[in-house]
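Naming follows writing order (A, B, C and D), and every chain is counted from residue 1.
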Amino acid sequence: MSALDAMYQEVILDHAKRRSGEGLAAPAPGHGSGESHQYNPTCGDEITVRVELAPAPEGADPVVERLSWEGEGCSISMAAASVLAEAAPGMTRTELVELIGAFRDLLRSRGTVAPDEEVLGDAAAFAGVSRFVARVKCAMLGWVAAEEALDRAG
Amino acid sequence: MLPLTDPEVRALREDFPLLTGTPAVYLDSGATSQKPLAVLDAERDFYVHRNAAVHRGAHALAVEATDAYEEARRIVAGFVGGTERELVWTSNATEAINLLAYSFSNASAGRGDQEAERFRLGPGDEIVTTELEHHANLIPWQELAARTGATLRWIPVDDDGALDLGAAAEVIGERTRVVAFSHVSNVTGAITDVETLVGLARAAGALSVLDACQSVPHLPVDLPALGVDFAVFSGHKMLGPTGIGALWGRAELLDAMPPFLTGGSMITKVTMESARYLPAPTRFEAGTQRVAQAVALAEAVRYLQAIGMERVAAHEHELGQRLAAGLAELEGIRLIGPAPGAERMGLAAVDVAGVHAHDVGQVLDAAGVAVRVGHHCAQPLHRALGLTATTRASAYLYNTTEDVDRFLAELAGVRTYFRVAG
Amino acid sequence: MLPLTDPEVRALREDFPLLTGTPAVYLDSGATSQKPLAVLDAERDFYVHRNAAVHRGAHALAVEATDAYEEARRIVAGFVGGTERELVWTSNATEAINLLAYSFSNASAGRGDQEAERFRLGPGDEIVTTELEHHANLIPWQELAARTGATLRWIPVDDDGALDLGAAAEVIGERTRVVAFSHVSNVTGAITDVETLVGLARAAGALSVLDACQSVPHLPVDLPALGVDFAVFSGHKMLGPTGIGALWGRAELLDAMPPFLTGGSMITKVTMESARYLPAPTRFEAGTQRVAQAVALAEAVRYLQAIGMERVAAHEHELGQRLAAGLAELEGIRLIGPAPGAERMGLAAVDVAGVHAHDVGQVLDAAGVAVRVGHHCAQPLHRALGLTATTRASAYLYNTTEDVDRFLAELAGVRTYFRVAG
Amino acid sequence: MSALDAMYQEVILDHAKRRSGEGLAAPAPGHGSGESHQYNPTCGDEITVRVELAPAPEGADPVVERLSWEGEGCSISMAAASVLAEAAPGMTRTELVELIGAFRDLLRSRGTVAPDEEVLGDAAAFAGVSRFVARVKCAMLGWVAAEEALDRAG
């Protein structure tokens, strides 16, 4: 497989076309939520991500109810957002933070790290992107937005 | 004038060491050009035989360095129809525009003598630019307006990205003090009707500033004949090294402008309280200068002159037409700028239906074709076109018609790769 | 740490092609240094293998160019104890000081956000510099004062050209907003007591700016450890190419400062009305950058590191002492700056009784000894010394003790040549 | 003779030591006069030259009565001023302008022009300076001042 095909995995091309979580969803009443907008100055791509948390008892690790987003960008950034929107619901805040960290480590590895599919699931398909330094920002765009949105979901 | 033939271009290409490696096809000269050996040798030769601080030393080496530096100025100034009194070295075109904007701003803050009066801006004054400008010819004017209270106005583009000259006549008026515009758009490849805009600026008593970044490398340009007051261009786009560009300006204007960067070598008498300044161009060259780069840029100019700018222009005209015609035949491709047959430089930007420019560029890169993707530092123009990013192929004298065909062939496959076309 | 021996220096000198020709003795490195082959090769190698516009392209070549550029930043920042977030490329040290002065001036004109508040200057505020500064660290502050209404004050020198630190404590006070001073004087060769001046600046709540042009090339320098807020230096004085210098600044300060040069590559979102800016250092690097020069400067740093800055400093200490001691023995020679035995860098400026510096330099040049004559861009210091021009010999790692002796021997004959001594 | 000795001719070293015309002289009553100050930014050298003209009938070419000067500088600039102060008196304005032009041509020649001793007199000794481009400004300093002073002498 060429490096190009290794980047544009089936999973990625699929997600780029039928996008999960696209369209910002209004949070259910009483649910916590946070939003973040990210911008890629090189190409002008942008994304807004909203994270909705299910109500949780004081001190407990809240669970992600829904992750929705809206944006415009390349196949890598759109697919990455879609994959995340599928993965996040049901995760605790801590788990999602860990997932984002693992995704970042993978992407920054310049192809030197094999993805842990157990942790990453579909997101493991982005391993090929890590060889294309200029595209790492694309893949991270929605994920950085999610990280900040989660933070703001308080 | 005859365009260069492919065999001629292939022979030329031997002078460019990078072009004998990967990528196979370099079509990103609008961003930066590759360099011939003669330019690399000239820069090295300076360091090996003549390196010294200029305009400062009395020893023989310093004299030789100064001679080399000033000879380079004469050569580059002459290339655009000017004299050495009229050419100021800068880091790049961006800095050259900032030099103007800051000098005007300093004049507005009361710096400079009586002569500087004419560069003073304030509330009620207007600076005019256009909607297709590179950010380098937009943001410095925004900031100048913000610092002085002047108003920034602009000549709009139509849906195809062409300047609306009818609107220009309304935008430029008696409040206009500066009109800044590109000679050639780095996105559409269209050549601006300089005569009309200079005419409007003159009638309004405004100064004209030409962004010649995409013309000086590609066309014979005679700045005094164009009638502009100032012009800027960058060395790295015209076979020269990085780190050097130029401001050309009419000598009487340059001499009347307050300094921009201050420090050593641009002064006469300095006390702790104040300093007096040399005339232009030295007034604008503070500190130790980019001497090796000036010498190498002069060598780049010699290289271009040996081929002849008329031939370069004819060659690029041919490539531009081939690009436009080829693109018009591809399905799902929107060509930005002049239609096939209409005058354009050797570059073309496109939108590929259903595929983001980043993805287009990636597939081309994997096929050994280097192009530029993004907004090309022209966000407002892209917004006017209803796009965020485009894919741009930009040629130079070392590109063959085969390079263009290779680009077209690879581009034709992109929509299939991303399954937006059969 | 042991100084370099003459045989070691002679071996090193083989790396410097210019030094194998004329002049026989190059003692003008305070103005600009010569370049080792490794630096020339690095610059050429960039053009031959990796030349592309950085931070803009998605093609593989552009990625490699960007990597090379940012790696260079890491290396040069690390050389002065900093990180890549803290280093901004400029054309030279002069531009770096102007960057600060214009950014403060833009803040004073209301540009930048709330964070920029701390850089705002106006009437009643004071900028402090010293009487021994190079014009590059004086005139930008004069102009900043003139633009904002702030007052420029200075720390005076005594009759020997030494900073009067007692007076400093009076000049720097609660109105002081900026204290700008040289680490090493390019005329006296004295090393400034940075700790005392930074202490005074801190106590006053003022920002400190270090002109490190004559220290970074010659001494191990750890800017964060020195406690300054900003520092500047030039590549051409430290074995690097012309056309590149750097501003180092604490990251939180750089991020809070309004931009200086504006244009492409330093923005996020741009409309016709306004632009938003990236964080530092990119915020301060508008337009196509001096990439080849950055890569070459990083190679110069590697070259210096391979020798070790402690050894370079020890070597120059030795040469400086030899110069001072030798000069003190010559009749009719007034040594400027620290007396023999007192700490000085490897340079010395002198006044020759009865012979103008220009004439001194000419005779030395004819004998193959290149030195600098004039006011060395420090007119106020010369005025304080009661002189208009001096003759300066400045050494670097490629100078032997023989070079120094040769200079001393030739200088000894100058007064006889002009018949002011038997 | 080395290039250095060709520049530092006896005549020049002599003039640099016993300088003619040094010290600005007050013009005689009724005499026209003009003054100019020149500055060399490279070295900080400066000079003030005063030209005094004898009264002449309307329309006639006035004759230089005296050329005096005051300044500080290198041997070349001081000697050049001294030589000029000796040469100028008795010349008509036109003759002095011609002399200055000839001197400038000589100095700019980079050693390619042999001086015309008949026209230049002692000033021919500056031929050797023309090989040292950085020193041309030094030699011209007082002469440029004289040119401007003559202009101002009305």
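Just a few scattered comments:
Throughout what follows, contacts are C-beta pairs under 8 Å (C-beta built on N, C-alpha and C of every residue); 3 or more make two chains touch, one makes a residue touch a chain.
A quick note: this is a predicted structure, and the numbers were derived from the prediction, not measured.
Across C-D and B-D, it is C-D that has more C-beta pairs touching.
Our note on geometry: chain B versus chain C, Cα centroid distance of 31 Å, whole angstroms. With centres taken as mean Cα positions, chain D sits 39 Å from chain C.
Here the spacing of chain B and chain D, counted between their Cα centres, is 47 Å.
Averaging C-alpha coordinates per chain places the centre of chain A 80 Å away from that of chain D. Taken residue by residue, chain C touches two or more other chains at 56-58, 62, 267, 269, 358, 362, 373-374, 379, whereas all remaining positions touch fewer.
Each of the following residues of chain D touches two or more other chains: 42, 44, 132, 135. Working note: touching chain pairs come out as A-B, A-C, B-C, B-D, C-D. Chain D meets chain B in the complex at residues 39, 41-42, 44, 132-135.
Residues of chain A touching chain B in their complex: 2-4, 7-8, 13, 16-17, 42-45, 72-76, 132, 135, 138. The residues of chain B lying in touch with chain D in their complex are 55-58, 62-63, 66-67, 267-269, 278. Listed in rising order, the residues of chain C touching chain D in the complex are 355-359, 362-363, 366, 373-375, 379, 382, 388-389, 417-419. Here chain B touches chain C in the complex through residues 17-18, 21-23, 26, 28, 31-32, 34-35, 40, 43-44, 47-49, 51-53, 56-62, 91-95, 97-98, 102, 106, 109-111, 131, 134-136, 138-140, 142-143, 146-147, 152, 154, 234, 236-237, 241-244, 259-265, 267, 269-275, 286-293, 358, 361-362, 364-365, 370-374, 377, 379-380, 383, going by the rule given at the top.
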